[in-house]
Each structure stands twice: as structure tokens, then as C-alpha cells.
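As written, the chain order gives the labels A, B, C and D, with residue 1 at the start of each chain.
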Amino acid sequence: MTDFTPTEMMTIAAARQLTSRDVCFVGIGAPSAACNVARLTHAPDITLIYESGTIGTAPDVLPLSIGDGELCETAVSTVAVPEMFRYWLQGGRISIGFLGAAQLDKFGNINTTVIGDYHHPKVRLPGGGGAPEIATSCGEIYITLKQATRSMVEKIDFYTSFGHGDGGDHRARLGITTKGPTLLITDLAIWRPDPVSKEFTVVSLHQGVTRDMVQETCGWTVRFADDLEQTPPPTELELTTLRDLQARTAAAHGGSKKGN
Amino acid sequence: MAQFQSLADAVRDNLKHGDTVAFEGFTHLIPHAAAHEAIRQGITDLTLIRMTPDIVYDQMIGMGLAKKVVFSYAGNPGVGLLRRMRDAIENQYPRAIETVEHSHAAMANAYEAGAAGLPVAVFRGYKGAGLKAVNPDIKSVICPFTGEELAAIPAHRADVTFIHAQKANAKGDVLIEGIIGVQKEAALAAKRVVVTVEEVVPDFKDLHPNLCILPHWTVSAIAVVPGGAHPSYTHGYYARDNATYLDWDKISADRELFTAWMQEHVLDATPEVFAERVKGL
Amino acid sequence: MAQFQSLADAVRDNLKHGDTVAFEGFTHLIPHAAAHEAIRQGITDLTLIRMTPDIVYDQMIGMGLAKKVVFSYAGNPGVGLLRRMRDAIENQYPRAIETVEHSHAAMANAYEAGAAGLPVAVFRGYKGAGLKAVNPDIKSVICPFTGEELAAIPAHRADVTFIHAQKANAKGDVLIEGIIGVQKEAALAAKRVVVTVEEVVPDFKDLHPNLCILPHWTVSAIAVVPGGAHPSYTHGYYARDNATYLDWDKISADRELFTAWMQEHVLDATPEVFAERVKGL
Amino acid sequence: MTDFTPTEMMTIAAARQLTSRDVCFVGIGAPSAACNVARLTHAPDITLIYESGTIGTAPDVLPLSIGDGELCETAVSTVAVPEMFRYWLQGGRISIGFLGAAQLDKFGNINTTVIGDYHHPKVRLPGGGGAPEIATSCGEIYITLKQATRSMVEKIDFYTSFGHGDGGDHRARLGITTKGPTLLITDLAIWRPDPVSKEFTVVSLHQGVTRDMVQETCGWTVRFADDLEQTPPPTELELTTLRDLQARTAAAHGGSKKGN
């Protein structure tokens, strides 16, 4: 086991949560890296789905976009986008959806739409894309996020996607039958919602991380589990797999092109 | 009935000031050459529909062609924000634009409903989501069997849809393969359809029977533009130019740099330059 | 997760007395071998869903397996009537059956809605049609944007769907090509899916990316039954046995002739006979 | 020009109504024969669609069923059945739909469902299949039928598909925007609806047919157009094309097979 970065730990901790039986709706960035590390290590039969319609992909390189060519070339099948959203996502066939966040609250509600007022935003962010329905149609939701007080906030500016709302049985009260956020993996810790209140609770600290470090980078008062665990550090295989994947990716996407 | 035309003629005959238009292609097959032609022709007051506005609409918005944008993800995929679109929303530069924001699922369903000739798309969506409160086009219907409240939004019915595809045959049937996105739906939902293609082949005799094909009688115009999706890509022809997507973040961050880039690479260019751009990809 | 099984085991593990079941295939790929196995196992009180009940349900109804049939065209395609189904409806022979009758469009939409996880299918249909008055499952919803009244019927959600397909690969992914009908929808709308295939190949490496494929994790069981669609057909393997469809008109017209035929060709037969039947087609 | 049968005249008269610009939803039987005769003679670019999902087919042999293999093999594209009904039929892309009838009334309403009461039928017929929506989603409807008092009736037992209802603007009152039945071609005559009342009116008699022959085989009081025409008899080309097609078809479908 060598040195590793907090982001590498986050990605690998997320990868470990996945099994060969999972069907994952993968987003770009950390989720894509985590899912492919899982596929290349302990979960070779995991099914990865990107919302471009590619089902069962096995890219050699991480895609820059969710519609890169290699996703299609290695997929079991590539379907139209309406079919993707109707038969596969809405049809309840995805076990795990990954979401990132610009702002996250302690109940797993996510904002990637605007900072400030919706109609007069301070910052116009990209918006939801698939997130509003990923959040409610997938069996459960895993969130990955680098901790910062700017992003882990007491109150988000906009509900791009619904987590546990105000907590408790808020999902059920809206008629949502899926579990919602069941896992938050940051660069510092692993969090799970309290079974009753649904407030995210730290259940495992990554190596070298203290409670204070978690609290200092989080905008709400952090709850820690009584039986707080320590996240095992990345194994040699995990780290090598992730770094090789990222090296292949960097080589493939290149930097600035000559001309044009 | 499909007419084979130059890109300039195809755009001139089918896209009018004030039209509602979709340039579709999900990451793959984005019709950049057609959008550049629209920019060169200075067609304005457009209502632009697209799931991910992407660079293609960032450019059109930055050049002031759009009065309204209907969309679901205003990002530069895998890179970051769309800076020209942000500038229009945050600072009304170069003009104010109206936005109608949906989720991907909603947009895909709205195209599907448009292709299906329905006035409304019905799906399970927006539960607990904030867009319901800011987009008056998001309504609901009640399932008459279960009582479940389902989301309902208007079907997309563009005046014209532009897409890029691999091939047409001599009759004008159009083949789309790989990541097929929402192009078939976007095309069938529109009154007119303009397709740029990499090449024309005599016939489609040896193709698999279940491929995504738009029969010639569903297409208004076809223009042959090799490389016409760049910096997006065409499966089987050339790869996505990810470096250009990364570069766009810098170009679009600065109004003057953007203007100079558009002058050189769009206004002073022709559709023929696209073939050059995809060499080596 | 797809399990490779014998047809007898696949039927036994997945079809239970009283189930709601669809044996789908639109003229092409009708899963006759699977239906014969259900008849041999004597599984009864079934609710049978199919667009065109065809010979396959005429046989199941004639053998008394069905308590209810949900359908849209009770004919022997190109030949005439379904005489065992008529006998059940007109004379309650061999037992009374309940019928729920739809149009093709409605049935196709109901499978689509089932695959899409919706409780209801919404479409423009049944305007001025008599079925609205005799089928209480036909209701309506009002478009919240235009006020148009659209037809609404419950989504199909079978306990199990049986289909026949060309190929499975070693993982259990299933390929369907040619006239693909509603099989993907019927499969995805059901709790369990049993597929009979002509053959198993190691992998699907060289197939076109956009073909109709059911990934292995959507399939419950796969049984290899060469010829398993006969007298329907399998594109790329053997042609439709139109002569047998013509003959069926005579066989099914007479209760005793029917019973003798079923004894010889179904009850006393095994799935292996199907390979023999398609030789020379 | 040789001798011909009334059914041949019916098929050829229907074929003549079609052009290369038409997109036809084809049923089995006379419509299929008529559409393919048109394609093989004066309308080579006509688009034929069968509800099995086959778009732009050009079969060498008439299919026994709407899903025969040759339809797919010769099609421009073969789509799933839900797509066929949603994008192509409901989407308003079919210019002409053909329907046959077990019972037909003078306003083009059709019954192919039951003779007698629906719940206790004297004869249970096949039912509607695609007809209910073909009748309302196609641009216009052509009906082909062999005349008989049993099938051309004052009042049909069941409205399988809607024609002009009680006549006049009944379609418009139901919110139907398509034209409905605009042509009825029988083995004896060509009929068109009156522009106002929508009652089918004989506009052309086939060769050798008298008004009495039409009335004797029709269950309602027949209206004849003031400028009644005579249908030109089949040309040599038309007749040869039809008979060759049917000969190829008979050879292909064979009779009873040995064994099995």
C-alpha cells in the first residue's frame, strides 16, 4: 500500500460498495471512476449504464462525456434515450444511481441548478440533467462529494433532486417508493442516513482523518455513529487499477490540440 | 420528400427567423456544421430546444440567435459550465434569453410524445424536484386506475429539427447508428427535418433490418457535410474531439476571445472546413 | 439473472396456476414450444395476454388452460377465425372464458407502459369505437395543455412473459431481430421472463450496437429449443409454415379432431420434435 | 384486355387510386393485393407499411399474414410494434389506411367484432386489431368489400371502427381531425361519401354491372351519383401483374404439407 490522495480514497471507497449484481446508472467523474474500478477488481459482472443509452459498457478509458464512443463500442446494447429513461430508469431496473452535488444538505437533497435565486441567479449551474428522476427511480442513491462548507450546506438554494426532503418519511409521503440516498462518500468519510431521521451520519473515517476535519469542511453540525469505523486504506490492486485507468484516460483525451 | 441540397440552401429553405428549432444529437452526432450555417445566415429570435445545449447552443446563444432555450443540462459535458449561456442568463449578454428548464427524462419524453403525435408527455417524474415550482409547463395527470399523480409536460413540436447522421442512400433514406440519442424522435416530432450526413451510398441493401432509419419521405433536406458533427463525433467515421471540448472552456470564458474565434472559425468559414477538422480523429 | 434450463424446468419454475402470462411474438417468433410445455404440465386458470391469440392460444384455450384472455385480434392471420377460442366464447367449451378486448394500438401501448414502469398507457385511441362501451378498462385522461381527451388503459404487468428469440450468448444476453414485435416490452413488463432460443453462441461481439437485446439480468430462464417457434418462424433460421396455419382451420373446426391432434402432437410429444418440424422450411 | 372477375376488378380499381406519394397502412387480402399491384405498375415509389412494423416493404409474393418474413426482408426498416402504432400511425404519418369489413353501413362504420350481442355473440369474429386507430389516425380510409346484403347493412351490430358515425360532421364532433372513409371499392362499383351527408354514393359502375345489381347486393337504399361513370376495365398490364402476383403467392404458400 502506497500513499494515496483523499480523492483516490473517495473513489475506491465508493467502488467497494458495488457488487457484480448491481446495475448502476453512472455519472461522469468520481462515479464513473468508482464503477469502473469496481468492474476491474472485485465486481467484474457489474452492469454499468450511462444515460446516453449504453447498457452494460466496459470502457478501457474513462469517458470525458456520458456519450463517448467507447461506451457504445463496448456496450451489450445501445438504446435510444427515450427508451433509456422509460424502460430502464423509470422501469425500475437500476439498482444504484450515482449523483454528485454542487450543494448538498444533511438529508441528501441536492442542488446543481443555481446559486442564489432561480430567476436571478448569482451562478447558473448546469442543472439537473437526469438527476431529478435518477433520485427517485433508482433502487438507491450513492452520493460522492469532496467536502467543503460551500457545498455541504444547512440549506440548499434549489432542490434539483430530492433526497429525504425534511427527513423521516418525507419520501414516502410524496409517494416515492425507492430508498433514496443510502450512502454518502466524501474524500474524508463514509456517511449513512440515520434509519429514522434520515440525517447523514458519519460511519467511517478515512485513514488520517479526524472528526474535526470532517466538521470543519461541513456546513452543518455533523453526527458521528457510536461505533465509528475506520475506512481500510486502498489496497495495492485498487490503487494501481484506479491510477492505470486515469493514466489511460489522460493519454486518450489529450490536452490542447494543435491548430483548429 | 428528401431533397439533396447544399447546406446553405437546406438551412435557408427550412429555418426561419422566430422558428422553434431542435439541433439534436446526444453527445454523438451533434449537427455543428448546420448550426454554423444558421449563424452565418444570421437567423435570429429562435427558440432552441436541446437536452444538453452543449457547445453548439453556447455558440448560437453567444452570437445572439436565441430568444428562448428549452433544455435539461446546460453543461459542457465532462468539462464544466456553458459560459456563453451563463453570460446570457446572468448578464443578459449579448441579449436576454428566456429559459424553460426540464429534466432529461422530461425532455426525452417530450420528444417521444411529439413523435407520437400526442399533445402531452406523461411520465413518473419531478417528484420532490424544484423545477416544478419554477416551470409552469410542468403539470400533472392522475392515473384513473391507481390514483397516482404523474408528471405531464407539453410535447415538443419544433418547426424544424436538424440532425447529423452517418449515411443517406440515393433515395434519401437516412441511417443513424451508435448512440442514437433522441434523434429519431426529434426528427419525427418536427414539421421539417434537415439532415447532414457524412456520405451518400447507393442503397442500404445489406444493412440489418432493425437499424434506426428515417425513410426519405420523413426528411425535408439532406446535405452532405463530411465531418459535420465536429467536435462531436460520428460513430464509424471519427472520434469525439475531447481536446476541443476542453479548449472551449477557455474560449467561451472571454467575450472577445469568443467573438474572434467565431469570426475566424464560423463566420469566415464554410462547411468544407469540417472535413479538415476531423482528419486524424 | 438468466439461468440456462431445460424447457420443462423453465416452465415449471416460472409459470404457476392462476398466473397472468403473455406468450408474445408478432406473427414472427411465437413461442409455440413453450406453450406446448405449459399444456403438457397442465397449468390452468391462466390469464392469457396476447395481441393476436393466434394458434398458440387457440390451443391453450382449447385445452382448457385459460380462464381469461386479454387480446386485440382473435383471428388466424390471413386464414380466418380462431375456432377453439370461438367455441369457448360462444359455447363455453371446454370452459367459459372471460375476455378483455382491446385494439392493437392499446395492447402495444399497454406493454410499453408496463415496460416503462407506469400504471397506465395514454394514447389517442378508441375515438368512436364500440369497445369503450364493453370494456370497463378503457378510461380517459384529459390533456392539461390542450383539453384533448386521450384514451387510458391499465399497463400490462404479467407475472411471466414467454418469448422465442434467435440467440443467447453464454452470459444469457438474448438477441431478437427481424420483426421484433412487442417482445422487448412484453419481457420488460413482466416479473419473470422465459426465453426459448434457437441456439447459444459464445458472445455477441460482432453484432451491430443498436440491435434488440435483453441483457441477461432481465431474463429469468433460457431454454434452447431449435424450431421452437414453429409453425411461426425465426428470421434467419426457418420460414413461416403457412401450410400449417391453413391446416389449422380444419383441425380446430372439430372438437374431436382437435383433441386427437393435441394428444399426438403436443401431449405425447417433447420439445425435441420442433427441430424436426422446421427442417426444409 | 381479357376476361376478368369482379374481385380482380375490385382489386385493380383500388390499385388505381394509389400514387407513388402515398404511405399506405396495408391489411391482408384485397388491400395487400391492390397496394402491390399499384407498386408494380404505376406507383413504384409507394410506401407500404404493415402493422408488424415493416416500413417500405416490397414483397415479391403476397404475405399470408401481416408479419411474413418477406415483408421484413424487403423493408426499408422494421420497427417495434409500439413504435409502429405511436410514431407512425398515431403520429399521423400514414396517408391512406385500408380496411375491410364483416358488416359495413352507409356511413362507412365497420364491424368485424361480433354478430349479435357483444356479450352473447351469435358469431364471434376476430375483432378490430389495428382498425379502431387506423380509422381515426390515417389521413383517409379506403374500404374494400365484396357486396352482399349480409355485409352491407342498414345497422351494424358493433362499431369496431368509426367511419362517419351518423353522417355529417359526426367525426369533427368527436374531435377526430382526419377525413375517415373517402372511398369504398366493391366488386361492383366505386363509391364516395356525399360531401355533406357523408352517405356512400355510387360514382362509378364496373363494366357489365347494373344499378339493380348494386342495389340487390346492398342492404340499404343505394344512392347513385348524377354523373355516374363507368370504371375502365383492367388493362392487360394490370391484370397480368395481379395474376402473376397471385400465382407466385399460391406457389409460395403451398397447400397442405405432408406429415406434421
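Rule of thumb we're sticking to: a residue touches a chain if its C-beta (ideal position, glycine included) is under 8 Å from a C-beta of that chain, and two chains touch if they have at least 3 such contacts.
Since the model is a prediction, treat every value here as computed from it, not as a measurement.
Listing every chain that touches chain A and chain D alike gives B, C. Counting C-beta pairs in contact, the pair that comes out ahead of the other among A-B and A-C is A-B. With centres set at the average Cα position, the gap from chain C to chain D is 28 Å. Centre-to-centre spacing of chain B and chain D amounts to 40 Å, using the average Cα coordinate of each chain. Residue positions of chain B with contacts to 2 or more other chains are 112, 116-118, 123-124, 148, 178, 180, 184-185, 209-212, 235. Shared contact sites, meaning residues of chain D that touch two or more other chains, fall at 72, 78-79, 86, 90, 137.
Taken as a graph of touching chains, this assembly fits none of the simple shapes: it is neither a line, a ring, a star nor a complete graph.
Looking at which chains touch one another, you get A-B, A-C, B-C, B-D, C-D. The part of chain B that touches chain C in the complex is made up of residues 116-120, 122-124, 139-146, 148, 150, 152, 154, 177-178, 180, 208-212, 235. Contacts from chain A toward chain B in the complex involve residues 28-29, 51-54, 63-69, 71-72, 78-82, 84-86, 89-90, 113, 118-119, 121-133, 135-137, 158-162, 165, 170-171, 174-176, 252-257, 260. Those residues of chain B lying in contact with chain A across their complex are 26-28, 51-52, 71-75, 77-79, 81-82, 85-86, 89-90, 101, 103-105, 108-109, 111-112, 123-131, 134, 148-149, 178-182, 184-185, 212, 233, 235, 239-247, 265, 277. Against chain D, the residues of chain B that register as touching in their complex are 1, 112, 115-118, 173, 184-185, 188, 204, 209-213, 215, 217-218. Against chain B, in their complex, chain D makes its touches with residues 21, 23, 47, 55-56, 72-73, 75-79, 86-87, 90-93, 137.
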